[in-house]
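Each of the two complexes below includes chain A, the first together with chain B, the second together with chain C.
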Partner chain A sequence: MCLVPALAPLFLFGFYPLAYAFYLSLTFYNLKTEIPPHFIGFGNYQALASDSVFAISTTSTLLFAALTIPLITLLSLGEALLLSNDFRGVKVLQVLALIPWGIPVVVSGSIYRFIFDFNFGLFNDIMLKLGLIHEYQSWLSMQWPAMLVVALAYLWVQTPLPTLLLLAGIQSIPKELHEAARIDGAKPLAHFRIVTFNWLKPILFIVLVYASLMALWCFDPVYVITVGGPANFTKLITYFTYEKMFYFLNFGQAGATTILILAITVLLIYLYFRALSLGRLRLRV
Partner chain B sequence: MATGKSESKEQTDVSRRRFLKIGAGVVVVAAAGAAGYYYLTQPPSGPPTTTTEATTGLPPTTSALAPEKIEWGIWSWGVELVNDNARIFNENNSDVQIGVTDLGGAYTTALYTRYQAQNPPDIHYSTPDVAYFLQYKKWIADIEDYAPQARKYLDDMYPGVRDFHINPLTGKVHGLCYWLGPYVLGYNESHMKQAGFDAPPKTYDELAKQALAIKKEGIAEYPIGALWSWGFPAMWYNIMIGNVEPKPGAHYLFDEKYNPIFADKGTPFYDAVKWFFDRVFVDKTISPGIREYDESGITTALGSGTVSFALAFADYDIAAANAPEMKQSGNVKMAMNPGSGYSVFHATTYNVSKKCVDRGKSAQDAVWKVMEYTGGKTTNARSDYDHGKFFVCKTLLDKYGVTSAYKAVMEDPTSIDVMEKLKMNTDVLLQQYQKLSPVLWLDPTQTPWWGDWFSSPSSEAGGRVMPKFEALMIGAAKPSESDILAFLKDIANDWNKSKQEAGF
Partner chain C sequence: MERRKIGLYAAAIILALWVLLPIYWMANLSLQSEVEIYTVPAYYFPPHPSINNYWFSFDIESAVKYFLAQGKALSLFIPGVMKDFPRSILNSVIVGVTVMIYNILAGTLGAFGITRIRFRGAMPLFYASIAGRLIPPVVIAVPYYVIVRSVGLLDSLVAVILVHIMFTMPFTIWILNTYLLTIPTDIEDAARVEGYSYLEILRKITFPLIGPAIVAIGITSFMISYGEFFFTLLLTQSAASRTIPVIIGSAVAVPRVTKGLICSMGIIGILPAIAVVILFRRYLISGLVAGAVK
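== the complex of A and B ==
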C-alpha cells in the first residue's frame, strides 16, 4: 500500500505510454486520411519493412553507430589514460575534459553547423588558407561529410562521461599490479594489455553499451544540422520516428518504430546491467 | 572517540537537513514569486477602465454579461506586438476579451495536438498546408458561414490572391489575411553591372546567362541561390510559371482528378528540373550547397554577396539582405519573376476552430470581431468595414515591414515610405502584386499528403520529393534525361500511392 504513491507515477508516466505506443503500433492511425483508426495487427511493421526510407534510416543508424561507438570508446580511453597521469596541470585538464558534458547536444549541433557552413564556416576558411581546398565546399551537402559532422557534434558532448568512468576505473587499479608488472619487466604495451586493459574490461563493456544506447537515441544534431539530409543519408531512426509522428502524423507507424527502438534498447540495457554486475564483481576482487 | 565521530556525523546530518530545508524554502518562495509575477502581468480581463469615443458614431461596446473569452493561438514571432494588439482590443471591447497563447516554435505540432485533444485555440494562424489539413478534417470553420460580410474583404485583396482565401472544399471564405508575401527575384545590382548587364533578367535563360557571366568574371562562385526547405515547392512553381504563363485553369503538376501530369519529357516540371541541373552540372552557377539555404541562410547569402540571384520574399529576405550591417546593403534589388512575370506567394491566414463556433452565437460574434480586428478593418479596435482601417495589418507593416494581401495596406503612402526605408523596391513589388498566381496552392488544390510529398510550407522538414531530388543533385555526374524521367516517374508513383492510401 505504501508503495502505491511511488509506483503510480511510474505506471502513469512510464508503463502506460509504452503500452499505448505498443497499441498504436498495431493500429492504422494516420491523421492525414479519412480512414478511422482500426486494428491491423503487424501491418505497420510490414509497411515499415517495405518502406525504402525506413531502410535508409536503419542503415544510417547502423553506420552512425559503427562510426561513433569505437570512436567514443577509443577517445575516452585515450583521454582517461592521459588524465590518469600525474603531471602539472592535469587537474585543469580533467575539468576541461568534462566541460563539453555540460553543453546540450542541440547547442553543440548549432555550433558545428556554423563551423561547417558552406559560405561562412570556419572550417572552410581554415582549409582554404591551408591550401587543402581551392574553393569553399558544401560539406553538409555531401553524404559522408554530413554524417561526420553530425558525429563530431555528438562525440564532443558524449565523450566526457565514458572518460570519467574509465578514469575512475584506471585510478582504482591496485598499485601492486602495476608494481608487479614493472618488476616482471613488462613493456608499456604489455603493461597496458595485461594490467590496465584487463582491469578495465567490465567498464569498457559498460562504455560500449552506453555508447550504443546513445547512438541509437541520437536526435538533436540531426534535427539541427542536416534535417536528415542530404538525400536522407543522416536520417537516423529517431529522426525518422519524429517525422512519422509529428510531421506525417502517422501515429501507427511511429508507434511501430518506437517499439522497435524499445526492443533494441531493452537488449542493450540488459547487457548494461550484465556489465555492471561484472564490474561490481571485479571491484570486490 | 566513537562518540566524537557520531557527534560530528550528527552535526553533518543536521547540516544536510538544514540545507535541504533552506533549499525547499527558497524553491517555495521562488515559485510563489513567479506565480505572483505571472498573475500581475496578465492583461486585465474586466471591463476597461477607459473608453474611447467612437469617431463614427458607433456606441462603445459595454455589457453587463461576462465577456466572451477568445483564445488566440500564435507562433513565437512578434509576441510583444501581438500582446500589445490584444491589450488594445481588450481595452476597447468589454464584451470580448482576447487571451494570447504562444504555441511555440513547434507550432504545427502543438496546434495539431490541441486539435486532436479537442481543445484547440479559438482563432489561430494557419499556413496553407495547415489550413487545408484542418479544412479536410473539418476542424476549422469557414468564417463566411458565421460572418457573411467576410466575403467583402476579397474585393480589398489583390486579384491573384483572392482564391487562396476561399476553402476549396466549400467555396466559402475561410479566414482573413495575416500575412502575404510574394516571391520576387532578388538580385545584386552591383554584380549585374560588373558583369556588363544593365537590367535584371527577363527570362530564365537570361538569368542563366547573367549568372554564368558573373561566375566567369569571378564576382560570385555560385551566383544562383534559393530558399530551400519550405521554399522548395515555390521555387519549382516559379520556374514553371515563369516559363509557361499561368492562364486560368492551367495545371502544372496534377490534373483536376489529382493525377500526376508531370512525368513526361517536355512538361513544365521536366523542363524546370532540366534547367536546374544544367545550372548545377554544366554552368556550375548553382551549388549543391543550395540545400543549406534556409531563410536566414539565403538572406545572409544575398546580403553578403555570396549569391547574386535568389527567389525570395520582399519583406523578410530582400529587406533583411539590405539591412545596414550587410555588406551588400543597398545593392540587393527586386525584379519580377523572370519569364511571364507571374509569381507565386506564401501566405498565412487567421482561422477559427469549429469548437469555438459550436459554443454558440456569442462565441461566433466574438471570434468574428477578433478576426476582423486582426485581419480586417476596425475603428478603435471595433468592427468597421465601411470606414475603418486595417489596424493590425498596417501595424505589422509599419513596425516590421510585413506585407499584406490588402491593397489599402500596401498602397498606403506611409506603407510605401516604410518599405522604401527598408530598401524594398515598392514599384516592382506592387507590380508583382498585380501578377500573382495562387497555383502553388491550387493545382488543382492541396491534399492532406501534399506537404508530406513535396515539402512542408510550415517547417524545415522536407517532404519525400526533396531527398530524392537531392540524391540526383549531389551525384557525381549530371543526371541524364532518362534519370530525370525516372525521378519524375518515381515521385509520381509515390503521389499515386499516397492518393490511394488517403482514399482519394
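== the complex of A and C ==
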C-alpha cells in the first residue's frame, strides 16, 4: 500500500504511455492526411528506413554519442582525480566544479550560442586576435563546429554529477589498498589501474549508463543553439522525433523512432555490463 | 615534487576557467546596454556597467518604451514571451517545490516499504521503478500529451508537476533504497517488538536517520524539475504555466533579440540553483554517494 503514491505516477505516466508508444509505432497515424489511423504492422519502420533525414539524424546521434560518452567519462574522471588531491583551494574548487550541474541546459545553450555568435561573439574575436582566423567565421552554420558547440554546452552541464560520484568513489578507497600497492612497488600507472580503476568499476558503469542515456536523449541544446541545422547535421534523434510529432504530426513514425531509441538504450546498457564484467554488481534490495 | 604541484595548479586553473568563463560572459552581457552588446568587436568588460536589464526583466513595458525612444537604428526585437518572466519565476518555484515535497514523502514511504516490509512482489516493483528511468522522455511525450489534453489539464501546472514526478521518482527510490540498506535495523526491530506500527517507526526512527539522503534526493528532484525544458515546452501555452527555461528557450532563437534581457533573466534563473549547490553540497555527497558507492 505504501508504494502507491510513489509508483502510481510512474505507471500511469510512464509505463502506460510506453505501451501506447508501442501501439503507435505499429499504427498509421498521421494528422496531416485524411486517412484515419489504422494498423500497418512494421510500415512505420520501413518508412523510416527510406527516410533520408532519419539516416542523417541517426548518424549524427551516433557521432554525438561517440563524442560525448568518452568525453564525459574521461573529463569527469580527470576532474575527480584532480579534486581528490590535497592542495590549497581544493575545497573551493570542489564547489565550483559542481555549479554547472544546477544550471538549466537551456541557459547553458544560450550562453554558448552567444559566445559563438557570428558578429558579436567572444570566440570569433579571440580567434582573430590570436591570428588563427583571418575573418569572422559563422561557426554555427558549419556542420562540425555547430556539432561541437552543441556538445560543449551539453558537456558543461553534464560533467559535474559524474565527477561528484567518481570523487566520492576515489575518496572511499581504503588506505590499505594504496599501501599494499606501494609496498609491492607498483608504478603510478599500474597503481592507478589495479587500485583506483578496479575500485571505481561499478561507478564507471553508472557514469557510462548516465552519459549514454543523456546523449541519446539530448534535446535542449539543439533546440536552443542550432534548431537541427546546418543541413540536419545536428538534428539529434530526439529532436527528429519532436519534429515528426509536432511539425509533421506523424505520430506513427514518431512512435517507431522512440521504440528504436529505447532498443538502443537497452542494448548499450547490456554491452557496458558485459564489457566491465560486472558479475557481482547487483541492484541490491 | 615541484613539477607535480605546477601541473596540479595548471589543471585547477583550467577547471576554474571552464566553469566560470561562460557564467562570466553571461554576466558581462547582462550588464551592457543593447548598443554595446551589438558592437563589433565584443566588449570583454561592460564599458558602462548598468543593471537596467535586471529592472527591465521585471518590467517589459518600460523596456519596450525605452527601446522605442532609442529609435529604430538597432531594430531590436523583444519576444512576447518575455513579459511572462516574473510569473515564470513563481511557476518554476511552485513546480520545483511541489515535485520535491512529493518525492520526499512518497519516495520515503515507497523505499521504506520495499526495504523494510518485505512483502511479495517488492522486488519486481523495485525493478519496475528503476526501469522507469530507462524510458526515453520523448517516448511518452505524445501519449502523455493526449492524456493530458483529454482530461483538460493542458497548459496547467498540474500536468507539468505530474510528469516531473514521474521522471524523478525512479532515482529517488533507488537512492533512498540503497541508503536504507546501509542502516542497521536493530532499533527498528526493537521498536517493532515494543508494538510500534510501521508508520510510527518510519516517522519517529527511520526518517531522522536517513536525513542526508532525503536532503539529497529533495535537491536533486528540485533541480531536475527546475531545469526541465522539453515537457514544459510541450505542455504549456500561456503565462499561467510557463517556467523560466521555457521563457529563455523560446526567446533566445529570435534574431536581433534583446540579448541583455535574456542574459539578465538567465543570471536570475541560475542564482537559486547556484545557491542550492553551494549550501547543500555536503548532503549531496553524503546522501547520493552512500547509495552509489557502497
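To be clear about the criterion, the second predicted complex is superposed on the first by the 256 of 285 C-alpha atoms of A that agree within 3 Å, B and C clash if a C-alpha of one lies under 4 Å from a C-alpha of the other, contacts with A are read in each partner's own complex, and residues count from 1 in each chain.
Keep this in mind: a contact is a pair of C-beta atoms (placed from the backbone, for glycine too) under 8 Å apart; a residue touches a chain by one contact, two chains touch by 3 or more.
This is a predicted model, so every value here is computed, not measured.
Could you check whether chain B and chain C clash or fit when both are placed on chain A?
clash
Pick one for A:Glu34: touches chain B only (first), chain C only (second), both, or neither.
Touch status of A:Glu34: first partner only.
According to the stated criteria, A:Phe120 is in contact with first (chain B), second (chain C), both, or neither; which is it?
Both partners.
Could you let me know whether more residues of chain A are touched by chain B or by chain C?
Chain A has more residues touched by C than by the other partner.
When the two structures are overlaid on chain A, which partner does A:Leu216 contact: first (chain B), second (chain C), both, or neither?
After superposing on A, A:Leu216 lies in contact with chain C but is clear of chain B.
Could you tell me if A:Ala151 is touching chain B, chain C, both of them or neither one (first, second, both, neither)?
After superposition on chain A, A:Ala151 lies in contact with neither partner.
On the A-aligned overlay, A:Leu208 touches which partner chain: chain B = first, chain C = second, or both, or neither?
neither
Per the contact definition in the header, classify A:Glu79: touching chain B only (first), chain C only (second), both, or neither.
Only chain C; A:Glu79 stays clear of chain B.
Report for A:Tyr112: first if it touches chain B alone, second if chain C alone, otherwise both or neither.
After superposition on chain A, A:Tyr112 lies in contact with chain C alone.
Touching A:Val227 in the superposition: chain B (first), chain C (second), both, neither?
A:Val227 sits against chain B and chain C alike.
A:Phe246 in the overlay: touching chain B, chain C, both, or neither? Say first, second, both or neither.
both
Considering only the listed stretches 225-233, 315-323 or 495-503 of chain B, which one runs into chain C in the superposition?
Clashes with chain C appear only in stretch 315-323.
Show which residues of chain A both chain B and chain C reach, each in its own complex.
Correct list for chain A: 119-120, 227, 246.
Quick one: which bits of chain C touch chain A in the complex? Just the residue numbers, please.
These residues of chain C touch chain A: 5, 8-9, 11-12, 15-16, 18-20, 22-23, 25-26, 29, 37-42, 44, 102, 105-107, 109-115, 117, 122-123, 125-130, 132-144, 146-147, 162-163, 165-166, 169-170, 172-174, 177-178, 181, 198, 223, 226-227, 229-230, 233-234, 244-245, 248-249, 252-253, 259, 262-263, 266, 269-270, 273-274, 276-278, 281, 284-285, 288-289, 292-293.
Which residues of chain B touch chain A in the complex?
Answer in residue numbers: 106, 108-109, 112, 116, 133, 137, 221, 229, 287-292, 297, 300-301, 304, 306, 448-449, 452, 456, 459-462, 464, 466-468, 470-471, 474, 501-503.
Which positions of chain A touch chain C when the two form their complex?
Its residues touching chain C are 1-3, 5-7, 9-18, 20-21, 24, 78-79, 82, 85, 87, 89-90, 93-115, 119-122, 125, 128, 156, 164-165, 168-169, 172, 203, 206, 213, 216-217, 219-220, 223-224, 227, 238, 241-242, 245-246, 251, 254-255, 258-259, 261-262, 265-266, 269, 283-285.
Mind pulling up the chain A residues that touch chain B in the complex?
Where chain A meets chain B, its residues are 30-35, 53, 117-120, 135-138, 140-143, 227-232, 235, 243, 246-249.
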